[in-house]
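What follows is a pair of complexes built around subunit A, which joins subunit B in one and subunit C in the other.
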Partner chain A sequence: MKRNLPFSEFFRNNGPVMGSILIGLVAFWLIFLILLPQLSMLDYSFRFNLPPADVGGPKDVYTLSNYEYLIYGSDESKQSFNTVDLKVFVRTILAAMVVTVFNIVLCYPLAYFLGQAKGAGVARLFVVLLIIPYWINEILRAFALRIIFGETGLLNEALMFLHLASEPIDFIRQDVALYAGLGYAYILLMLFPMYNVIESLDRNQIEAARDMGASWVHIHRRIVIPHAKPGIASGSTMVFMLSAGALAAPQILGGPSSLWFTQLVYQWFNDSLNWQQGAAYAIVLLVSTIAIVLTFMRVFKVNMGDIGK
Partner chain B sequence: MSSATLIRIALGAYLLIFFSYLLGPLVVMSLTAFNSSAFPSVSPWACFTFEWFGVLFEDKHIRDGLFYSVLIGIGTVLLSVSMGLAASIVLTQVWPRFRSTYYTMIIAPILIPGVVLGISTLVFWDRVGRFFGAEDGSFFYELFHNGIFLTILGQSSFIASYAMLVFVARLQRFDPGLTEAALDLGATHTQAFRKILLPFMRPAIASASVLAFLASFENYNTTTFTIIDYKTLTTVLAQKVRLGINPSISSLAFIIITLTVFAALIFEAVQRNKSRKDAMRQGRLKPGRGVLPGFLRGNPAAIILVLLSFFVIAMVGTAQSYSPEQCKIRVKEARQIEIQKRIEALQKARAEERAKAAEEAEDAVPAAPSPSNSGAFGNVFAPGNLSGEEESEAVPEPAPQGGSGAFGNVFAPNNLSEDTPDEPEAPQGGTGAFGNVFAPDNLSGSE
Partner chain C sequence: MSSGVAVDLENITIRFGDFTAVKDANVNINGGDFFSFLGPSGCGKTTILRAVSGFLEPSEGRVLIGGNDMAGIGPNKRPTALIFQNLALFPLMTVWENISFSMEVAGASAKERRRRADELLDMIALPGQGDKLPSELSGGQKQRVAIARALCANPDVLLLDEPLSALDLKLRQHMRTELREIQQRVGITFIYITHDQGEALTMSDNVAVMKSGVIDQIASGHEIYDHPATPFVASFVGENNVFRGRIKSIEGGEAIISTNRSGDLVARITPAEIGKLSVGDEAMMFVRPEAFEVAPEQGGTGKNLVSAKAVNEEFEGNSFSVFLEGDGGKLIKMSVPNLGQDRISTRGHDLTLRYEPSNAVVMRAGELASE
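This part shows the complex of A and B:
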């Protein structure tokens, strides 16, 4: 719809029935599925974990104890900070960043190759090949990597066969499997946004730069990357958010001693049945990841409107 | 070597690495579905088998999970596609100043971690249920603590954003003049929507529905919190993978991969066929005669599709009649031989150890004269050493006096009996140089 109809006349433009249906659906989505659930989770995170009888009673007051627990740990512990959980949190954020950078580096050449490929046939074949793993279940993709990285997995067998290793390497405990799995899980969410923007780049620009003697590095730094920036930002945002919020890959590929922050949330909810504490952890995860994404967007001067393109 | 060739080689190597990283794990996983070994692996290849497909189809949890996954998928498609469509229409009409804020709001659910969405849905509807003062067992309580209902809501909250993105792309090409014309000609708004906008959006609705269904089908992070008592295919799989795995999961993966490949090929083939027909209509392409039917001409995807279909039909046909029993027996035997070898090696090592010990002992105490003949190595090689307990009745006569070699009864048959495989023939009382030293019961000699 190219023409801008005045929104104040929304109901006149769409008719009372259609107007109400449209507004009603959007309102239901934004209010009942997004806003109120997030607010009630926030509210929950400030409450004590009380038995059902006490809920709404005089003991049901607001508290910061759930957040304090994340930072300082329980009162009984000797340490002044909750080093275990904080370490998990920092590790999750840093590892998600590393995974994001790894994906940018791995995807950029392919996105450039596909976007600027001359024959449409090859590029199309590659895109079809790429879409196939994209629709395989996340669990199954993690499982596939587990077969490869397991103690008697393919990689270990191959290394032993080639005499590169004398005994099986525990890739799972070393977290190699986890990082490979996270990089693997969301790689296409990096590739496709990059591919879309690079495809829209006029090839003449590159030709012109080359004719004027620009070096290969120069062409990429001055022409391709600035043009691809919204795509890279969009892909990075999604990969970072999804890696930091991943649950399946750490559960399946993570070592027994090292946890992912989402696993702590999961444990609070499903094992300890302390929803309030779990909600506080989830809020911390949500707020910190969003803050990091917004900071990076500010630094690299990208708009929110570029996401999802 | 020119730099162009160098770049080409580097590009080729890079593409190879990229695609093996992406597709390699899936290929390996598919292969493990056909290996008879009980743990999913490819490298010690045992037997080619289809049995894991049978195990998969027998699995009640997986069938239940599949049913609920489809049910939730349908619900999610209905809810998220309609919400996404509404949101995208509103986006085109909202005040320009408010547009980017609104866009941020409807795109944000994609970026919220699935875990957070799942938790917030669970917490919020639990509270709504309590707000209505619902008791256990009442309608509202059941509704707001129903895994299927909550999962549909939780998944729709972000899948609607995906659908919205699909619709926005299509709506940009819509001409609102059409709707205006319909309204001028006396159509109601609802009619205009149904007869003008909806038909125009139909391809986008179709692709958004497929996208939404697949996203719902494979969602784990949100579902694992909201599903409560029920199980979807994904949560069943996650549980299986975490607790203990057998290759039936690989066979499920193989089926999903095959279906995906088929879907991709069909899509591609239809696209090519369409563009070929368009080209023909415009006279750019002559309908020439060839060996292949028109559908397949100039359409590699369609050719691959047909070949793949033949391959799958052939495979299913083979699976009906093929039986790997022969091979399994062979593998079992091979393993038994390997175990025996290992045991023998162990025995030899032990025998040598004992020999040393015995020599030292002999220096001190002369060996007791034994009536029976005893070879230097005693009964080390007695076949019964490796036999299981159950074959002892096959021994015809207990040796009257077991030979006592220097090594005594260390290797008496039952020492190792527990994990040794069946031995087809029991030893007869031996004769010859080593005599009945090999009798299984020769430990009696040491009394």
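This part shows the complex of A and C:
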């Protein structure tokens, strides 16, 4: 499909000066804002945490010890596993998956309603109403949820007023607040890709299926969901990646006993000042989440190209 | 195959808020007929189709299919199948899955579905194409797949919403013949929606001509062309020269109309208005371009003669169109068959045109189809 020289046309359309500026900016973004920081983190993760004097000296050699620490809890013995950190890691991944599934289930009907609603005006108003809360800072939103879910928060007051609960429920300790916060934090990133693809579905296809006797379940299973698959995939990818890498929501809404893997990374960088160890943890998280996303894409037969739609 | 089932619309009125899309429509469609609703866009013909298919309920009146009242019965429960204007094939399913979708819904086994799909693929002359995706087919092939998909459930009535409008001219003409053939083969009732009079006239047993929500005439294509019931039908179906004036005298089935610009002319009264037209009524007379000929004796006067000056000529292949200017600038179009002989152009000549009064039709004045 691509022409032999995609850039020649690009330059013809934009002129040599503007073309160079645009390509230069994209290259700057890719190299300085994405590639180099990640590569330096990768480099860090394979080095010892040395005092500044030794950096660049003979002791500064590559090592796997940071990764070994995550697995065995020690960089010397391999007798026992680092169950504490590994548990946090697995729990973070599983919780991010749960949040993703939760968002799919929540957004699908909403996206279907918005995308296929007859009055476009109503749908647009709805979308604006959904966006407005996101003008507020993420941390403030997390604190707002903490207030809602708190011991004397809105939810508990309401439950007790309605006699649905006799004493306040500890939503924070039960991780309800954490899941709600994570689900809420990235829900629009699920909604909009889904909304976009569902909106592009020809309504005649739904009517044709209905005319041929299909039930609503059948129509969604055979027509709407297959059509919406790229949108669901791209929404899920974003929500999963961002949930697994979230910091603010777990920090603010997480219970005292539940740690998010990103919090461990944060602790290595900030509290222990061991950037090398933190970098190794971060790299493990990044590579694992990418591998999981690719696996799911393979299982659900989604192409990388469809995601960008 | 199932035999045709009659469809009756009784006093159907359909309103959307303040807007009346269809007003008091009464239509009886015989079982096994190819019936067309013909009208310009926005005349309410698609709305009628949606009422028959069950996607909307009429505000008033009843839809009867095979004598059964369809009120409250959804589209999935009616013995109708609808072919959409854009066909609405499922792009992510293969051709055979598309065709057998109604069986999939009914829970038929894959083997059974495949067999039936292959059978239908043979019928639409696309054998062995079942495993392709719709996007791999040409426009005409998609068309036929849509027909096969609709026929798969053995519907009693097939509803077609301008399904040929997206095709190019040649293919459209070919598909007309093919649709008609398929209809005769399966023998079920076809209800066809179109704004293309050529499609309506060539395929249909009967045609209903609609204008802004009202059915003006229901008759065979021939009848509609030769005996239009209203000025709208006369001007919408085929080409027509219109002469306005007042009825001067009536004698039997014929009337003399004193036209505003072309003198007194005689024509037969349209069957629908015999006995209803009276002297002094404002009237319109219609003469088809092919009904005019150059009078053998030029310069005469008579009640079936019109004098005009030929100003332009167009070659149409099978005929010449001659554009003339009558008295007072009245524009007249005459169509002369191309018989292959050397023809002397009439351009610039003053001519006397003649027509058979039985080929001209007069009726009460009314709204014309907009050009």
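Just so we're on the same page, the second predicted complex is superposed on the first by the 283 of 309 C-alpha atoms of A that agree within 3 Å, B and C clash if a C-alpha of one lies under 4 Å from a C-alpha of the other, contacts with A are read in each partner's own complex, and residues count from 1 in each chain.
By our rule, a residue touches a chain if its C-beta (ideal position, glycine included) is under 8 Å from a C-beta of that chain, and two chains touch if they have at least 3 such contacts.
The structure displayed is predicted, hence computed values, not measured ones.
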{"item": "Combined model on subunit A: subunit C and subunit B, fit or clash", "value": "fit"}
{"item": "First, second, both or neither for A:Ile169, with subunit B first and subunit C second", "value": "neither"}
{"item": "Partner chain(s) touched by A:Leu259 [first = subunit B, second = subunit C, both, neither]", "value": "neither"}
{"item": "Subunit C, subunit A and subunit B - angle at the middle CA centre, rounded to the nearest 10 degrees", "value": "100"}
{"item": "Residue contacts with subunit A in the superposition, subunit B compared against subunit C", "value": "B"}
{"item": "Contacts of A:Pro37 with subunit B and subunit C, given as first, second, both or neither", "value": "first"}
{"item": "Partner chain in contact with A:Gln205 - subunit B first, subunit C second, else both or neither", "value": "second"}
{"item": "Lowest C-alpha to C-alpha distance for subunit C against subunit B (Å)", "value": "10"}
{"item": "Residue ranges of subunit A touching subunit C (in the complex, touch as defined)", "value": "202, 204-205, 207-215, 218, 222-223, 226-227"}
{"item": "Subunit B residues within the subunit A interface of the complex", "value": "11, 14-15, 18-19, 21-26, 28-29, 32, 39-44, 82-83, 86-87, 89-90, 92-96, 98, 100, 103-117, 119-125, 127, 130, 153-154, 156-157, 160-161, 165, 171, 174-176, 188-190, 193, 214, 217-218, 220-221, 224-225, 233-234, 237-238, 241-242, 245, 249-250, 252-253, 256-257, 260-261, 264-265, 268, 301"}
{"item": "Footprint of subunit B on subunit A - complex, ascending", "value": "1-5, 7, 10, 13-19, 21-26, 28-30, 33-34, 36-38, 40-41, 44, 55, 106, 109-110, 113, 124, 128-133, 135-148, 150, 152-154, 157-158, 184, 187, 237-238, 241-242, 244-248, 251-252, 262, 265-266, 269, 275, 278-279, 282-283, 285-286, 289-290, 293, 303-305, 307-308"}
{"item": "Subunit C residues within the subunit A interface of the complex", "value": "53-55, 74-77, 80-82, 84-86, 88, 90, 92-93, 101-102, 104-106, 149, 153"}
